[in-house]
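Chain naming follows the written order as A, B and C, and within any one chain the residues start at number 1.
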Amino acid sequence: MKKLLIIPLIFLLTGCWNYRELNQLAITTGIAVDKENDNYKITIMIANSKKSSSSDGSITPSAAVYDGTGQTIYEAFKDTSLSVSKQIYLSHIDVLVLSEEVAKNNLTDVIDFLFRYPQTRNNFYLVLAKDKKASDILKVTTPLETFPSQNLAKNLEITDKLQGFTYTVDFTDFTKSLVSEGINPILPSVTVIGNSEEGNKEENVQQNEPSTYLKLDMLGLFKKDKFVAWANPNQSKGINIINNKIYILGVIIDYQNEKIVTEITEMKTDFKVENNKVKITIDTTGAIQEVNANVDLYNLKTIEEIQNSDVEKIKEYVNDAINLAKDNKTDIFGFGNYVYKNNPKKWNEIKDKWDDEIFPSLEVEIEVNLKLQAKGSINNIVEVRE
Amino acid sequence: MKVTNSEYACLSSFLIRSLFFGPAIYSILHFALQDGWISIIVSFILSFIPLIIYYKLLNCNPNDNIVSLNNKLGLIGKIINTILTAFVIFHASLILWNLTNFIYSQFLFQTPLIVIAIIISFGIFYISIKNLTTIARTGTVFFIISTILYFIAALSLIGKCDLNGLKPIFNSGIMPILKGSFSSLGLNIFPLFIILIIPKNNIKNNDKIISSFFKVYIFRYLCMLSVLVICVAILGIELTNLYQYPEYHILKTINIANFFQRVESVLSVQWIFDAVMSIALCLYYVKESITKTFNLKNKFNLINIICIISILIIANYIFTSNTVAETFYKNIYPFLTSIFFLIIPLIILIIVKVKKT
Amino acid sequence: MDQELDKIINHIKTMNGNSTDINVRYFNIHNQKVAFIFLESVANDDKISNFLGKSLSISVRSKKNLFENLFDSINNTIPNSKVKIIDNYDDIFYHLASGFTCVFVDGYNKAITLETKALLDRSVTEATSEPVLKGPKDCFIENILANMGLIRKRIKDPNLYFEETKVGKRTKTKVVIGYIKDIADEEKVNLLKKKLEKINIDGIIDSNYIKELLTDNQKSFLPRVISTERPDLTAMGLLDGKIAIIVENTPYVLLLPTVFADFFKSPEDYYTKPFNASFTRILRYIAFFIAILVPAFYIAVTTFNMEIVPSSLLISFSIQRESVPFPTIIEVLILVISYEILREADTRKPQIMGASISIVGALILGEAAVSAGVISPIVVIVISISAVSGMGFNDPDITNAIRIWRILFMLAACLFGIVGIVILFIIFITKLNSIEVLGTPYLAPLSPFSLKDFKNSLTRFPQQKIKTRPTYFNKKNINRIGSDK
């Protein structure tokens, strides 16, 4: 009886449908989307697995870049596959770069394909390309990583924790803020320093200081799914503060015309929206990191003054950010979401008017509790004696 | 062919979870939106009604399973048996459709649907030709493996939960919550009727049935509740409603220490186990029912082969498209199960009680 | 049987075709002809001459009827203990072949046999196939009485019963069933005895024949009976409630009934610290599943479900695959088959040719094939992990079973990826669950779940904590520590 079961199996061996060998796949590590005369242009970066010609079989992967155009993203991919000798495989995308023009039109059209295709996973990062075409950004070689897309992704991950004014968005977060009520998405951006033509070549990484490299830049604000504005570094810091995404933030204040840097390490932000008023509460602790002024850190009053200046600075960041959002009539912080969650009936009445009318007219009240706990390894400034 | 009471409880738990990971979550969340968890709690309370009916049917005559009980009622009983058997075949093919659709859309998306269904049917066929003790023991092993995988998944995701995603509470209103409960009852609880194929005397320690059954039942309910809550908390209700299999997409976001990532394929195996075991149980029901009602002998396991082929054919050609399937599961199927698995057992119970007095 | 001496002797000689090892010695005592027959190949000359010297001289002196006197004198004087009276030719030949000497007196149709067996077996030596570092090192030999003695001296309980049957029409091999009466399950013993009676075969050479004949109606690749060379393992099994089957002329003793967890225990676990033993046991379970599943998982992950692999690893895999002309499944199959051939060659070779085959094999498989571009380095690693994990078991039956299941899983993976592995795993577990050895489920204590028995199957708790014998074997006298109920 059991032997009869094996016979139908043999018929199934004729061509396993989903069977693909690894070297038949073009493993895509990064995608860039541009707009070219009303068509979408897609540039993909493939991990090239060709073995180098040395006889001991040393493995050096390298990247290959291809592009294609089409009226929809799907067609553009098909166009790209006409020039690639392998099957495009999208499960290992690290980063998706979008140009400004694409972001200014309906972004949902662009990401719908990636949303629906079962191969793509949802943990890649999205970035905007500032002042350059997205494909240029993808082609810049770096001495630190083999693939530029990996370089970008790792850069995003690290700076997310270190800087405080970039904002790392992965696909789940982006789509969640797109579809949720009362919140609009934000994306980081990246730009090329130097000549982008040169950046494409191997010689760029063979000198000690590459002449062309990538640098993370300002945040981009969206309204629904269209890009509307850039945020400068102070405003970006404010956005991060309100969205509770700060791990480390450096606050620079002027004290007697010199600069003192306080590093904030824990920041917890809470906000409440009631009756057209937003109350933001920020609890932080900080440590003095760099003192360039001639102050006496043993003096309690000095510490208090530094603390107050820090608080003012933080409030300034937050106000900058909120004003920017109000000017562009887009609620990127989720105040509307808060109203929806806690007072759904009221939200139903005002949700159509929220972004345009009510949000710009919200009063903002900020309360900052800062504890300047530490001063670093030394207690006072370095006094140079004769 | 004896079954212990813990094995009995494990077998029943598969029937509860088999339709949960696709249609049930979809219908609950589409009716009740973010109050889905309230729907589940309400359905837990309401589920005592069918459970009491099933328990009384179990106790009617400790030597008979539901099929021989019906046969004793004469011609009406045989007609009822045939109708119930046909509906159980239908239920099994719906579970098979769900599993095939899941595998087709996430794993093997270029393989024809019929081939996926055939390869799953091999596994199901092999289980169903064994006797009841083997099926029960296999059930225990798979229950343990499913539970371990569930705990790994839940513990990895619990750090990302944001309970604010469950607000606003009670926004949907009472009617949608009740509709969600009803679909949860229809898709998850009423199929428990199929476990009545095992007569009471074939269960060892049958005085402890209720306690062991309830332990497993409450545990499974908590699993379902927690899966729903985690899905809505992490993804937000709009995104959860957008995805076809939100639990699978939740598993894609697991990333612990940059090492334990990309594990969704391995952790989703628990659903394949659930579905396969419940279809095997349905097949066992059908086999028993046909042999006892029509007094046939099961030579060369012919009945099993015919049933598996009919389940295959129904599962492949019943729905013309995905949207038709979703509407069917959401709107129509809970009513069908309530007729066949609730009202008919009630009728049987009444007839048996009348006959006894 | 005839009464005249010459006819008897002739009959016996023609029964055996006048074999060269039949020796007959005639006597004439008080004018009565007496003859001894023995088979020189199995009888011990010293003992025979001992008998001839002592007892016959006594009988010569007495005057009564020789036959009855002979019996008394043999009974009272001969030093060895086994004396029987036989009256048919089959039994005579059986005893002659077992090393007995037969005494015939002219005019009587009965024979007296007494044991004068030669020592044709080796002495009790160190176990070769199941070595243990810190424990008793004696092992069974081919003599059934010595084997029984090795067990008897470890369990001095009067409840240790040994019951004997003869199996095999031509070989008439002695088969002894040993069990402890008030621990082992009566039903199982009776079932076993009935099965042994039903065996209808012409020869039993080794205990493996009995193993096959007892379990032939359930076809499975996994072993269902433990066969061991160590008396300490047998004694532990008897105390757990198992039944031992000792077969003549083979040092391997069978232990029934067994469960799957028994193949992962080794006697060494009880001779070292409990924590180390638990660690090693869990490691063995993991090794079993690694050995079966890793090649299949590799094939599934590189051909169907590539999303499981992180990006950098995937790129390195694909670079390695670039240079290989074969599809993955063929590559893995080539390596598995060549590994199996190497292993087979390794076990069959005599010691002298020792190291060369392993070195040649490793060189061929490792360096040369990779450099020639026939296989990729990662496949070599995968197969070596799987092979090494599969070798850590006591019983070669498990290793053979792993071979077959490994290939089956690989085929399932190459057809359908992870889904294929899952379906085959379901079939694997169902198959294991359907095996029942003498009524004990094969996957106990996992399958009829009993948490108490995990103490001695999955891990090895200290002796004080293992309070009961395995509940899936027996129901009475369950307590090991404390008083028996």
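Please note the rule applied: a contact is a pair of C-beta atoms (placed from the backbone, for glycine too) under 8 Å apart; a residue touches a chain by one contact, two chains touch by 3 or more.
Given the structure is predicted, the values throughout are model-derived calculations rather than measurements.
Asker: Determine the shape of the graph in which chains are vertices and touching pairs are edges (line, ring, star, complete, other).
Answerer: The chain contacts form a complete graph, every chain touching every other.
Asker: Applying the document's contact definition, name the chain pair with more C-beta pairs in contact, A-B or B-C.
Answerer: Result: the pair with more contacts is B-C.
Asker: Measuring from the mean of all protein Cα atoms shown, which chain centre lies nearest?
Answerer: It is chain B that sits nearest the middle.
Asker: In whole angstrom, what separates the CA-based centres of chain A and chain C?
Answerer: For chain A versus chain C, the centre distance works out to 67 Å.
Asker: Rounded to a whole Å, what is the gap between the Cα centroids of chain A and chain B?
Answerer: The mean C-alpha positions of chain A and chain B differ by 42 Å.
Asker: Determine the centre-to-centre distance between chain B and chain C, using the mean Cα coordinates as centres, and give it in whole Å.
Answerer: 46
Asker: Multi-chain contacts in chain C: which residues touch at least two other chains?
Answerer: Each of 304, 307, 415-417 in chain C touches at least two other chains.
Asker: If a residue has to touch 2 or more other chains to count, which residues of chain A qualify?
Answerer: Residues 12, 16, 18, 119, 121 of chain A each touch two or more of the other chains.
Asker: Could you tell me which residues belong to chain B and also touch two or more other chains?
Answerer: 107-108, 111, 119, 122, 261-262, in rising order.
Asker: Name, in rising order, each residue of chain B that touches chain C in their complex.
Answerer: Touching chain C: residues 4, 6-7, 103, 107-108, 111, 116, 119-120, 122-123, 126-127, 130-131, 133-134, 137-138, 140-142, 144, 261-263, 265-266, 269, 272-273, 276 of chain B.
Asker: Can you list the residues on chain B that touch chain A in the complex?
Answerer: Residues 105-112, 115, 118-119, 122, 164, 167-168, 171, 235-236, 238-239, 242, 249, 252-253, 255, 261-262, 300-301.
Asker: Give every residue of chain C touching chain B within the complex, in rising order.
Answerer: Residues 304-305, 307-310, 415-420, 422-424, 426-427, 429-431, 433-434, 441, 443, 446-449.
Asker: Within the complex, which stretch of chain C touches chain A?
Answerer: Going by the criterion above, the answer is residues 302-304, 306-307, 311, 314-323, 327-328, 371, 414-417.
Asker: Applying the document's contact rule, which stretches of chain A touch chain B when the two form their complex?
Answerer: Per the stated touch rule, the residues are 1, 5, 8, 12, 16-18, 118-119, 121-123, 172, 175-176, 179-181, 340-344.
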